[in-house]
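Input: structures, listed below.
What follows is subunit A paired twice: with subunit B in the first complex and subunit C in the second.
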Partner chain A sequence: MNNRLKVLRAERNWSQAQLAEHLGVSRQTVNALETGRYDPSLPLAFKIARIFEQPIESIFSE
Partner chain B sequence: MRKWTPVIRAALITFGGGFLLSFLGGIVVGYGSTAGWFGVQTAGLIVTGVFAVALMIGALWIGAEWMRVIDEAAREAHKTAWYWGGSGGMCVSGVVLMLSAAEPWRDIIARFVPVSGAPVDYMAAGAALLLAPMLIGYTLVWAWWWLARMRG
Partner chain C sequence: MTTLSPARLPAWAHTALRLLAIAVVFGIAGYGVGWLLAERFPDAGALPDFRWADLAAGGLALVLVVAAVSTLIASLSPVRLGRLLKLEGPAGAREISDARLQALVFGLSGVIMAMPMAIAALGVSPLAGLLAVGVLLAIHTALNLKAWRGGDELIRRVVTDSASVTFWLGQGLLFVWAAAERLGAAPVLTAWDAYVVLMGLYLTVSMVMTIRRGLA
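Let's turn to the complex of A and B:
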């Protein structure tokens, strides 16, 4: 699964650690999400969508 | 750091309690056996039995708190490590188990059983042979899971 996490994070000038803090996960998890090597659970995907104020489908794509 | 408090508390209670239990148990066994309340062997059996069970219950408790604190990716790494690492390790143990029933191999495997070669030594060696490959497999798969996801 592809995602725009890195772009969205860069737009806000957040570090991986800052995004991790917003999401309540580790920085390593954010890194794994950004590289597309780990797909988030539905609750985490919703949380990401809420933080970036965008629908899930505009952040994640197949 | 505050989120780790339940894990630290569980670890402190488990290991502190274990230490206290063995310390007080030793005193009770020493005093009670000298006073003739019970035999040293019976008391020793009870104290070490309770200690071992309590320590393992504590270990499960620490594990439960740990799993609650870590995030979902870290949990996924542990689940993958548990299934694939544990299963892989069990397969290694399975090979040893089968070979230990085959004539040419039995003698070679028996050489690795330590000390006196008493039945309990064979039992301990069997338990270690079952646990060690599973633990090694768990660690390797856990490390692989994270390394595979750390590459940018």
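Let's turn to the complex of A and C:
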């Protein structure tokens, strides 16, 4: 699965640490999500969508 | 003329050099501990016959202790730890404390793994030995639970995936061996043998999972 997390984060000028804090996960998890090494759980995906104020399908794609 | 500076060495050469340095340090330390034990217990006589499982357990214990020491050393420098964890910038207080907890779990695993052989070699009574193993195992379990509770969903996913794959591979291997043993085609396996294979399998699988998820 692909995602636009890195782009969205860069648009807001957030560091990995800031995004990790918003999501309640570690920086390593943010890194793993951004590099496509880990697909988030549904609750985490919803949280990401809420934080970036975008629908899930505009952040994640197959 | 070009000079080969450490900065120009490829990543694998850095790793090889680091491993070599660790091997030298631990080799000297191991020789020293062995010499001290021989001095302290001159009447211990010949060591009990070590079987393949004992040697494998010793190797695994060494790997775990080396992993613990190198993680602990890395945690002394936030920059180095940040690089190791592939973070943007240096590691923070939380990451340092998590790495130290992980190092403690690794180290304790190595000590517990080597204890049955050490207890047998030193001639400590089985009851006292088992009591010591039990106490360390309880501490180890508490630390593991602390790591689980403090971890996020990625850490938990790596742990559960590792456990699942280890079970799947382990039960397959155990079945093949059990079938061969039942048919008289393989020697009888002891609980110690089976445990050492299981632990080796778990370490290998969890290392692959950790790398696959980009955690190392």
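Following the convention adopted for this analysis, the second predicted complex is superposed on the first by the 62 of 62 C-alpha atoms of A that agree within 3 Å, B and C clash if a C-alpha of one lies under 4 Å from a C-alpha of the other, contacts with A are read in each partner's own complex, and residues count from 1 in each chain.
Convention: a residue touches a chain if its C-beta (ideal position, glycine included) is under 8 Å from a C-beta of that chain, and two chains touch if they have at least 3 such contacts.
This is a predicted model, so every value here is computed, not measured.
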| item | value |
| --- | --- |
| Fit or clash - subunit C, subunit B, common subunit A | clash |
| First, second, both or neither for A:T35, with subunit B first and subunit C second | both |
| Touched partner set for A:V25, first subunit B, second subunit C, both or neither | both |
| Which superposed partner A:L44 touches (first subunit B, second subunit C, both, neither) | both |
| On subunit A, the residue positions that both subunit B and subunit C contact, one per complex | 24-26, 28-29, 31-32, 35, 37-38, 40-41, 44 |
| Residues of subunit A defined as touching subunit C within the complex | 15-17, 24-29, 31-32, 35, 37-38, 40-41, 44 |
| For the subunit C and subunit A complex, residues of the former touching the latter | 85-89, 92, 94-95, 98, 151-155, 157, 212-215 |
| Residue ranges of subunit B in contact with subunit A within the complex | 70-74, 76, 146, 148-152 |
| Contact footprint of subunit B on subunit A as seen in their complex | 24-26, 28-29, 31-33, 35, 37-38, 40-41, 44 |
